[in-house]
Every structure is written in C-alpha cells, then in structure tokens.
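Here chain A shows up in two complexes: once beside chain B, once beside chain C.
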Partner chain A sequence: MDQKGLGITRAILFCRQLDPDQDVNRRAIEKELGSQIRFFPLPCSGRVDPLYLMRALESGADKVYLITCPEGACRHREGNLRAKKRIAYTQGLIEEIGLDRERLELIITSAGDRKTIDELTRDILAREGVTSSVNPNDADIEK
Partner chain B sequence: MPPKYHINTSRAANRFQLITKSGVMAWEEGCLKCARCVKKDCVYKVYEKRGLDTRQMLESLDSVCMDCFRCVQGCPNKLIQKGLNPAYKELGDHYWTPEIISGLWYQAEAGRIPVSGGGYGGAFSGPGFDAMWTDMSEIVRPTRDGIHGREYISTTVDIGRKVMALEFDQAGALSIDPPPVVEIPQPILFDLLPWSPPRKGINLAMLEGARSLGTFAIVRQSEFGPAMEEYLPNIALYVDGKLSDISPEILRKLRLIEIPYGKDAIAAQKKLKEEHPGLVTIIRMELAPDSSSNVFRLITEGAGAIHLVADEYGLEKSDKPLFIKERMREIHLHLVDKGVRDQITLIAGGGIAMAEHVAKLIICGADMLSVDIPLLVAMECRVCRRCKDGISCPVELETIDHLWGASRIRNLMAGWHNQLLEILGAMGIREVRRLRGEMGRAMFFEKLEKDIFSTLGKRG
Partner chain C sequence: MITAERKPIKEIKEMLAPYRKILVVGCGSCVAECAAGGEKEVGLLSSALRMDAKASGKEIEIREMTLDRQCVYEFIDQLTEVIDQYDVVLSLACGAGVQAVAEVFPRVHILPALNTTFLGETKEAGLWVENCRGCGDCKLGVFAAVCPVTRCAKGLFNGPCGGSKTDRCEVDPDVPCAWQLIVSRLEDTGRLDLLRKVHPPADWSKQQGKGPRKIKREDQRT
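Moving on, here comes the complex of A and B:
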C-alpha cells in the first residue's frame, strides 16, 4: 500500500456516473490547478470506504469532497445512501482525533440540473474563493 | 538456444494498480456477521491481501480477483456484487482499445502471450488490420515440429541496400563494393514517441530495452545527451537539426542514422556514405498517397532503407487517408512491378498495436516495423494523452526506473516474438524474410466481399 504524500490540497472523489465525459471535462481544471487538486473517479460513490477518506487526508489533502449522484439515481440502488453514512461515520472519527469534521464534505448533486464535473468543481472552488466560477450558481449543490 | 532465436523474460511487477475490466462492490452495511464469512473462503485470498493505492484510490481487490464469483454467490445477504468497471471502458480510444491496452500490460508484466480462454466472441471482421485474415493452413506444424526449441524459426532481418548480383573481375576478385547492412534479430525498431511526459527515463528504458534485444531505438538528435552515449551502437539517430552539428566521434560509433525526407535527403546520404562508409542511412517519410512514386524515385537515386510513417491510428497524411496496410500493399506491388523491390528495406510504422499487426504488415510488404505507443503502454501508460495537454501523468511515467522500463519492454517484445513464431509456424514458414509480401498467405475482407458480391444482381 502506497502511503506517500501527494502534496494535494483538495481531493475530489466522485461517482463517474455523474458525468459520462468526466475524463475530458476535468482536464482544463487539472491543468489550471496542477497538484493542488486530485480527482478520483469511482465506479459508484458507495464504493468509498472510511479508509479511502482517511488515506486521502493522510496523503496531504486539506479537504476531501465526495460527490454523489442524486438520491434515487444510484445505479447500484443505494450506493449514494451508503456513501452518506460512511462520510458521517468518518467525520465522527476525524473529530475524535481532533481534526475539523468539515475537512470531509459530502455533496449530493441535484436531479434537476445535471452539471459536468468541471462545473461542479468550479462551484466548490468559487465557494472557497479560490478561483472564479464559470457558473456561479451553486444553489443546486446540496450540502 | 542461441539468443537470436529466443528472448529470456522475467516478471516485472506493475507499479500501479491495473484498471481491470470488472470490479468488486462489497457493502459492509447489512452484514449478518456469519460465523464463517465468504470473504475468508476466497481461494485467492483476495480479501486478505486487500490494499489501497492512495495515488489513485484504487483497491488491490479488483486486480487480484480471478472472477470465480464464489463470494458473490456465497454471501447469504447478497452484499457482494461484481460489475463492469467504467474506468476500463474509458481506457484509450476507438483504435487503442481497452482490450489492446490491457493485453499489452499483461505481456509487459509477464512476458507471456495473453490467453483469454472461452473462445473468441468478437466479430470476424472490422476496420484496419481486422479486415485481414492470415493463412493458418499448416496449423498442425507448431505442435508437430515445435517452434520454441526443436526447430528454429528465424525472425532476423537486414536493414540497408542489397546488391542483386555479385560481380567479379578477371582475377576472380569481387569488383563491386557491397553496401553496409545491419542485421537485427527481430523485425522491430523502437520509434520516436508521438507524445509522452518528460522522457529522460523513458528514453533510457527504450535504449536499454533495444540493447538487450539487439535492436535499435530511434532518438532525436535534439534529445541526444551524454547519458545515451553508451547506447550508441543501438541508436538510430534521427537528424532533426543540422547534420554538421553531429560530431564525427558520434557518427563513427553509430550504425544507423535516420534523415528526414526532402530534396536534400539523397545528397545527405551520399555525404554520410563518403565520410562514414559503414553507416546505414534510413530516409524517414510520412506515408502519403504519393508514397509509392516517391519511394521508387528514391530507390533509383540510391536510397537503401526507407521508413514510412503513418499517424498513431495507422492513417496516412491525406484528406481521404488510406490505412497503412492498404498503402504498404500498393507501394510493395509497385516496386515489384518495377523490379526493384529486393534492393531496398522498407520499414513501416504507425498504428502498430498488437503482435498480429507485425505479421500482417510484413505480409502487406514491409520488411520490418517501427513501434512507438506500445512501448509506452508496456510501461503502464493508459493512452489518456494527458501529457499532450500538459497535465500530469496518472502513472508518473516521468519517474520510472529505466531498468524496470527496459524489462517491461523486453517482456512485451518477447510476447510479440512468440506470437510471430506461432504465426510463422502455422504458415509453415521458417523465416520472417520469406513472409514479406506473401499476400497469397492472407485474405482481405474488402477483396473477398467484392469478389463474391459484386457480380450479384448483374444480368448475363
């Protein structure tokens, strides 16, 4: 198991069902931010395990986001519901060791307005004040 | 066995978790806490060896799983599922398919031919090389005669101008000066890479691989550095600057040099021949619709070896590009008609992705081939082309150890060599030089379709 530090500041784990063209769509932002951001596409957000989230933090991420598909839209039926529980569980764990629970964040996308991974990321970054968002309307991102 | 007939391999482990065709989805919630969990009964100990590669957030689970489905069937609460991995489907593109990439990874790791089992379930024809079927009429021969030991099949080829007849003077001494020829044990050269991350280690891996296989890697003059000097006998230096900038010391140690096609190409070849008579010059030209007439003209002007290069999809440079195998057939047959084919070495490259493409392109008239992308794939490249866009490589190719890279390349070439032997054995051919242009040994889908169906519906 590789535990080497990646020097990343944001790790974004996301369900790849969210955006069929995620590989192409995220390239511009990856080029822009370089090692400050790492994307980890998952076959289903339910695949995420508390270990993934802890390791992402351990690898140097300041903040870890998990973006899931809308509730009721999981292709594995309840993967996103399980992801929600696991985030809550891991938030409890990191809080116990003295880390801010906000360093892990779950973002459940809205069924009404489908956005590309690039747009979703820019919304997150705009919220953090890191870069200007191409689409500043982040009302449809439920925390 | 003499080294020119066999390539020794050794397993070279992956640095990153492989992207596998399917993945395990095991929910923890709802677990009945059985006294004996099915995960404990895994015969391959997949769950016990479980690890997470944080560089990619990929579990070892998927690459170790052997798809026996025992755990999936055995879990009483159906908490374990296996599904197709969407990341696998996204590998490469329409030409460099996930099946090709994963096959290359397997060969580079193990040095063995991939065997899928369960028969072939795909289409019998397709575009490009898939529209060509090779003759396997002597299919019993590999079994009967043994191709990996009892009988040798030669895959050796020569690069350089050939003389068609020897001439002697009155005293019986040779009156002509035969041009130099370079012999290599496999009909494959390592070509310039169309894209890659910073390639210091990659170049050294290719050179080390070329040296261990006895072949050549083409290196740009602009990228050549002191670290490569020890590999000069296995370098084909591509002149992308001024010929006069290359030191005579380097030229003396080189055996192959490649110059770009242009109006000065023949003059440059003559100059090189005068100054370094032992050096074999290759002229590199882009494959194009007018290639056959250009190649013929170069032969009449004295060229010895021509490297025809298509793009990474095997297409020539044109508005309506022809695939490399069609254009090579045309060039080969044109040279045969003119009676000059045997004088020259034709090297073809671009779009060579699998072992079968080597044999198929040789059947279409190439003497040998150049490969590029498969060498990167051997070093775990995913053909995502992120490096082309200036984005970091997901498998950190710029950090490879060149000896590891060389052993992966060597393994891949061993796998391809064995497959070439299988094809030659199944055709009853004992050396690859005899395979060149043997179009009667293959069937071409387009031709068959035309022969069979073009007369239908016509009266009289």
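Moving on, here comes the complex of A and C:
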C-alpha cells in the first residue's frame, strides 16, 4: 500500500457540490490508500478556514489539496475565489516557518468536464506519480 | 476598536527561543474582530510554532487559550489556575491587554505576538481603517462626525488645504479628502453655518506630555 501511495499522506478538502455521490465515490480510494488519504467534505470551498489547512498539515499530511468548483460556478457565488485567497494566506504562513508553499495546493476543477471525487483524486495521484489505479484522463485539472 | 497585526514569525520565534512551555493567549474582542488575535489566530500561530519546532528538533509544549477580553481583570483571572505551569505567556492581545496581564502576574514572562496599530473601524470584510487618534478632546460634533485629526492628512481644523483633486486627498489619492466629507455632510444635514466658527489648534496637552492618560469615574468604582 505504501508503494501505491508513494508513502505520502494527503488531506483532500473539497466542495461537496462537486459530486453529489461523494460519500460512496471516495470510499474505494480510502480503502486503497488507508491512512495515506483523508477526505474532508466542505459545504462550499469558501468555507475553508486557514486553520483547517494548518491542522491538516500539523496532523501529519505531507500534502493538503483543496478542490473547488470551476470559477464562476460556485453555488454561493464567490466561495471558490475566497478559497483561493485563503490558500494563498496559509501558504504565506507556512513559508514563514520554512515549509514549501507547494505543500498546500488549490485545484480548480474544469467547467467543461465534471468529475466525481474519486476521479479527481485519481488525477491527483497520477500527477504525483502514483501509477496504479490511474484515471487516464487527467488533463483537465487546472492548477 | 483597537487594531493590530501579527508580528513576523521569525521575530516571535526569537523572543520564544529560551522557553519550552508556552501559554498562547488570545483576546476575543478588538483583535479578534480584526483577525489578528482571536481564537482562530491563536490556533494558526500555535500550529505554526509547533510545526516549526518539530522541524527544527526543538521540544515545545503549547496550550491555547482565548479570553473574552484581555484588558479586564475578571477575564484575566481565568489564567490564574494555569499560568504557573508555563515558562512564558505569548499574548495575542493589543498592547493594553499584554500589559494588563503582566500587571496581574508580576513574576510571569509575557511577550507580545502582535503589533498594535490604531483605533479604527471595520470598513468592509478584511479592511480596517484608522478613524480616531484618541486626542482627548473630541470635535466630531462640529465636523459632522468626520475626524479631521485622523482623516485629514494635515490635521486641518479650518477648511481644506486646497490640494484635493476630485474629492481625493492630495497626500494619498486612495483616501477621500476629509474636508470634502465634512463639508458634504454638513451641507446634507443643513449645518453649513458650523463652518463659520474658527477653531484654535488642537490642544494636544490633553493627549500627550503628561505620561499615560487615565479615566477615573467614581460612579463606576466599587
């Protein structure tokens, strides 16, 4: 299992609106990667607090992802823009303690091709270089 | 409210270097409103300090606490039970709060995590602006509730300097000319006649030169 996940632990915070079946869809990957992955569904990505991101890092995540709806598609209008600002703020904070800002990453999904949370997660794993269980179509993640 | 900003973590770390057990104490009032020293900011700073210590192999222990107000004894007293267990208090209150805690606990080392900045208002989410310098002789009544001491870059009492352009201050075009605001508000509220009065320069003896100011009210004392 370590090899599968490259030994990295990740926290994935995501907007629940992205995938109405997120509960079911994330289970397969949770099973595959065990403690190397933790999901935190949010009612809207704009509700993310820098404190959640810090606590996720502090509790051992090597990488924290925040996945938002496409720009302009937030149900609460500007949630994903707010998410972007909060990621930037927290990146500034971790840089102050000498951590790489890349430990926090914002992923804005593409409006053209809606994906479920398991597909989005497999795209992330593929990008990290985890080759098993990869969804072949990872081209539409915008950083 | 009193506004403040967090000090750079580097500076906070330098101050904390000799200590191991740290009590991080926020204030739930002014500095929480300006997102500098409330419960969330206590959490963020504590997390950052713990992660930093871990990365550098330093052993620290942090307890997070936030008082409703850090400048009032009744709230500060909540520290009495725990304060002896820590080597230092890192306070996220304004300068008044830091000193109030220090006064209550004369033997405790207490350090400021914030730079206290000004008296101001929350203009919009994430924007705080200075609008009072605490001059001790408030003239808002004659200036249509726009403070020329604070909001006019030159602190003028008897009309504009003449340099404003399209209602902006000549010193900083991002800021509206305070005198433009004063005159418009007096006009809108039918009080332009107030402008006839000539005001002497501000009496700064009410603010400065006699050490720290004090307000004492017998009716409030026990």
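By our rule, the second predicted complex is superposed on the first by the 132 of 143 C-alpha atoms of A that agree within 3 Å, B and C clash if a C-alpha of one lies under 4 Å from a C-alpha of the other, contacts with A are read in each partner's own complex, and residues count from 1 in each chain.
Everything that follows uses one rule, which is that a residue touches a chain if its C-beta (ideal position, glycine included) is under 8 Å from a C-beta of that chain, and two chains touch if they have at least 3 such contacts.
These numbers come from a predicted model, not from an experiment.
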First (chain B), second (chain C), both or neither touched by A:18: neither
Touching partner for A:98 - first (chain B), second (chain C), both, neither: second
Which superposed partner A:83 touches (first chain B, second chain C, both, neither): neither
Most chain A residues touched (candidates chain B, chain C): B
Partner chain(s) touched by A:37 [first = chain B, second = chain C, both, neither]: neither
First, second, both or neither for A:106, with chain B first and chain C second: neither
First (chain B), second (chain C), both or neither touched by A:58: both
Touching partner for A:124 - first (chain B), second (chain C), both, neither: neither
Set of chain A residues, in rising order, touched by both chain B and chain C: 49, 51, 55, 58
Residues of chain C touching chain A in the complex: 8-10, 40, 43-44, 47-52, 55
Touching residues on chain B, where the partner in the complex is chain A: 23, 25, 27-29, 51-57, 81, 83, 85-87, 90, 384, 386, 389-392
Of all residues in chain A, those that touch chain C in their complex: 49-51, 54-55, 57-58, 93-94, 96-99
Sites on chain A touched by chain B in the complex: 1-4, 6, 13, 16-17, 23, 27, 30-31, 34-35, 40-44, 46-47, 49, 51-52, 55-56, 58-59, 76, 79, 82, 85
